[in-house]
Amino acid sequence: MTGADAKEREYRYGRDREMARGASRVEAISDGIFAVVLTVMAVELLQYGPARAAGKELPDALTQAWPSYLAYVITFAIVGHIWLAHHNMWRYVVRVDQTLLVFNLLLLLFVAAIPFSADLLSDNLRSGVTEQRLTAVIYVGTLLGEDLFFNLSWWWARRRRLLHPDLDPRLARAVARRLMLRPLLYLVAFAFVSVDPILSLVLYLAFVGLYLIRGPGNLPRSSNAE
Amino acid sequence: MTGADAKEREYRYGRDREMARGASRVEAISDGIFAVVLTVMAVELLQYGPARAAGKELPDALTQAWPSYLAYVITFAIVGHIWLAHHNMWRYVVRVDQTLLVFNLLLLLFVAAIPFSADLLSDNLRSGVTEQRLTAVIYVGTLLGEDLFFNLSWWWARRRRLLHPDLDPRLARAVARRLMLRPLLYLVAFAFVSVDPILSLVLYLAFVGLYLIRGPGNLPRSSNAE
Amino acid sequence: MTGADAKEREYRYGRDREMARGASRVEAISDGIFAVVLTVMAVELLQYGPARAAGKELPDALTQAWPSYLAYVITFAIVGHIWLAHHNMWRYVVRVDQTLLVFNLLLLLFVAAIPFSADLLSDNLRSGVTEQRLTAVIYVGTLLGEDLFFNLSWWWARRRRLLHPDLDPRLARAVARRLMLRPLLYLVAFAFVSVDPILSLVLYLAFVGLYLIRGPGNLPRSSNAE
Amino acid sequence: MTGADAKEREYRYGRDREMARGASRVEAISDGIFAVVLTVMAVELLQYGPARAAGKELPDALTQAWPSYLAYVITFAIVGHIWLAHHNMWRYVVRVDQTLLVFNLLLLLFVAAIPFSADLLSDNLRSGVTEQRLTAVIYVGTLLGEDLFFNLSWWWARRRRLLHPDLDPRLARAVARRLMLRPLLYLVAFAFVSVDPILSLVLYLAFVGLYLIRGPGNLPRSSNAE
């Protein structure tokens, strides 16, 4: 091995470590935000929970607070689902540039707003039709904003060759196609909101369930299991 | 060294780093949630603490707030205990797949609900028998849900060979057996809740103490100390 | 390869890993704080949001809460912007010493105060001139404090040779110059606060936009893309 | 190179990575808790801050809220200081066992309680002598609890050889001695609390300043700068 080779290898090592740190730090800030968002609704249970409402009987108070429990479970399902997709996508990102970081921050801006819109939605499930439609529109808007920047992130990472060189381009294209499908499904699910808000919620949860069984989920499996 | 070897080694390195990142990111999101859950009750102390209740004398106010301190210490003991078990388990996980990620998220769903149920429990220690039993049932339910997905995670990780290849299969089986014992002990402890809620709490803390001295705790020790 | 060489290499490896952990842990604590700060305003939306104000009609209540949404977006833009700059700077830091850690903690002290000052600012946009000026001064003060310790961190890291040896000294100097420019631009933007607070806010957001297109942003790009 | 050597090296690599992950995960959970604790008081500013107190004039309201600002800065100084010490200590820990993890969790139990006790202290600076002494005792108790488990962690890590093998035993002993000195200094500072609470606070901050210039701070410097 010549000195030039050693120099080259050392340089590569340095560059590689630096890049790995770059991508892993994006995951760190994202995971911090995901962790806060996932627990926020459980913390809310503490504050608005029936334990503090001294006036009522405990069983009644606990029963009446069901929209808060629903908001917690919905938020956890949706944000957990987004985290899984985020995790699957970022496993293939080995380098980052300024634009990808900005797209990721804008994605997180919408993710952090999900508890607010999920809370609005669950609070107004028993309200009039106007309130139901308005809160559903805010809710779909938040999810579509998140999806937009998810699609932009993947598109940019592919275009600027920031992905792992081992990743099959056909797989990358398939992921892009599936990501583009997601907002369409959301729109279909929420077109039903004027018909029946509960039905549209059930449809949405069915999509999440479908995603967990098929969808980008088979991406890491095929790569890990060889 | 031939070119094919170098290629193979490089590929392995790439795959290995990718997998390590996958597993470490699961730890990152879990630790973020554990950190929020561990500090939530201390933050609650600030809000419901006596410092803000201007009407009473400080010593009286501090004394009367004892259920809040108790809820903090109980939550910290339980969640700290779960974190230790989570840490011990995930040290042996070197690869992740979609199902394991979903099991881990469902585990975290129940972990994030622990402050709420611990708060309910400590608030109702002085209430009537109905309230004590109801809050104890919610509490045991939360812990059993968490235990269920803990057992499922370990079972899946063993079945799909996601564990470190160095891990002795007999050790893995022993861990599985001990994990299955845990919910049984919880049920025994909380069967006493109708007899005496304080006694069942003491029994639970005794189990935690036992776990720290023996239990899965000797797993990393035997592996680290060679 | 002689035994002394192997020893030397092992020692280097040990030292390198230790240092890498040192720098990465600074990023971990910083990212934890950034994550909390980025989500705090969204959590506030939950608490002061119109969903809880049962008295009013929902559309009116949502419209009237616009300063809260504005505070969320402003805080996210500013703190996201600081995170990007922090990320860009710390990619080049490979070693840490006590002084750099203290400078970074003082930077974080000001970052954590940004939600408070952004909230004050957005709350008083409709108030009298005295309130507008006072809140703008608090706001600029928070940002200048953050900028001061940002500049000190970079200056110290360069002086004590804590940066990556591959980093071109001319690039390091260019970054220092650009970092020093930032507080000046803030001061210009907020000199307009007595003329028109909305105008000064627009100017500030224009600076952030400019930073994303040019500014230290081209630093990682030039280094990554070679 | 023989096959046995390669096997051995691979095994070592595996074990080493596993251990590094073990120690780094302790840092992750600790940093998550430190991040929440460091930002909690700034979040409190938002909730009890004068922006929400619509009744008063803004300048008066901001001036009257000074104990909240003080609580924020004190908490940040103390917890930042503990984080620095924690960072310095854990840089030398390369392996973890169950007992060290438990000591670290108990340390964090007291760290998470610091905002509560700092808030109590700053709220009662203007109260009568009884309140000042009581809150000071709670405050010192929290810090002494944290110090106890800090000392126990270091003592255990040294005894069980969990530290980096390169670490000079004389240095390790010197750190242990200095760590033991810390609670003594706290006790001296707070012995003055019955004389003058402000004086004892100033003394405490002087100790923190002293620590930053000398103290365990020169430990990483001497190791990094060679």
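The letters A, B, C and D name the chains in turn, as written, and every chain counts its residues from 1.
The rule we apply is simple: a contact is a pair of C-beta atoms (placed from the backbone, for glycine too) under 8 Å apart; a residue touches a chain by one contact, two chains touch by 3 or more.
These are the chains along with the protein names UniProt gives them: A, B, C, D = Putative membrane protein.
Keep in mind that what you see is a predicted model, and the values were worked out from it rather than measured.
Q: Rounded to the nearest 5 degrees, what is the angle of the rotation relating the C-alpha atoms of chain A (Putative membrane protein) to those of chain C (Putative membrane protein)?
A: That pair's rotation angle lands at 90 degrees.
Q: Give the label of the chain whose average Cα location is farthest from that of chain A (Putative membrane protein).
A: D
Q: If more than half of the interface residue numbers appear on both sides, call it same; otherwise different. Which is it for chain C (Putative membrane protein) and chain D (Putative membrane protein)?
A: Both copies touch with mostly different residues.
Q: How many angstrom between the C-alpha centroids of chain D (Putative membrane protein) and chain C (Putative membrane protein)?
A: A distance of 24 Å separates the two centres.
Q: Mind checking the centre-to-centre distance between chain A (Putative membrane protein) and chain D (Putative membrane protein)? Centres are C-alpha means, answer in whole Å.
A: Whole-Å distance between the two chain centres: 34.
Q: Which positions in chain B (Putative membrane protein) are in touch with at least two other chains?
A: Those would be 28, 31-32, 35-36, 47.
Q: Show which residues of chain B (Putative membrane protein) lie in contact with chain A (Putative membrane protein) when the two form their complex.
A: 11, 14-15, 17-19, 21-22, 25-26, 28-29, 31-33, 35-37, 40, 44, 47, 95-98, 101-102, 105, 108-109, 112-113, 115-116, 119-120, 123-124, 127, 130-131, 134-135, 138
Q: In the complex, go through chain C (Putative membrane protein) and note every residue touching chain A (Putative membrane protein).
A: My answer: residues 20, 24, 27-28, 31-32, 34-36, 38-39, 42-43, 45-47, 49, 51, 58-59, 62, 72-73, 76, 80, 83-84, 87, 90-91, 164, 166, 212, 217-218, 220-221, 224-225.
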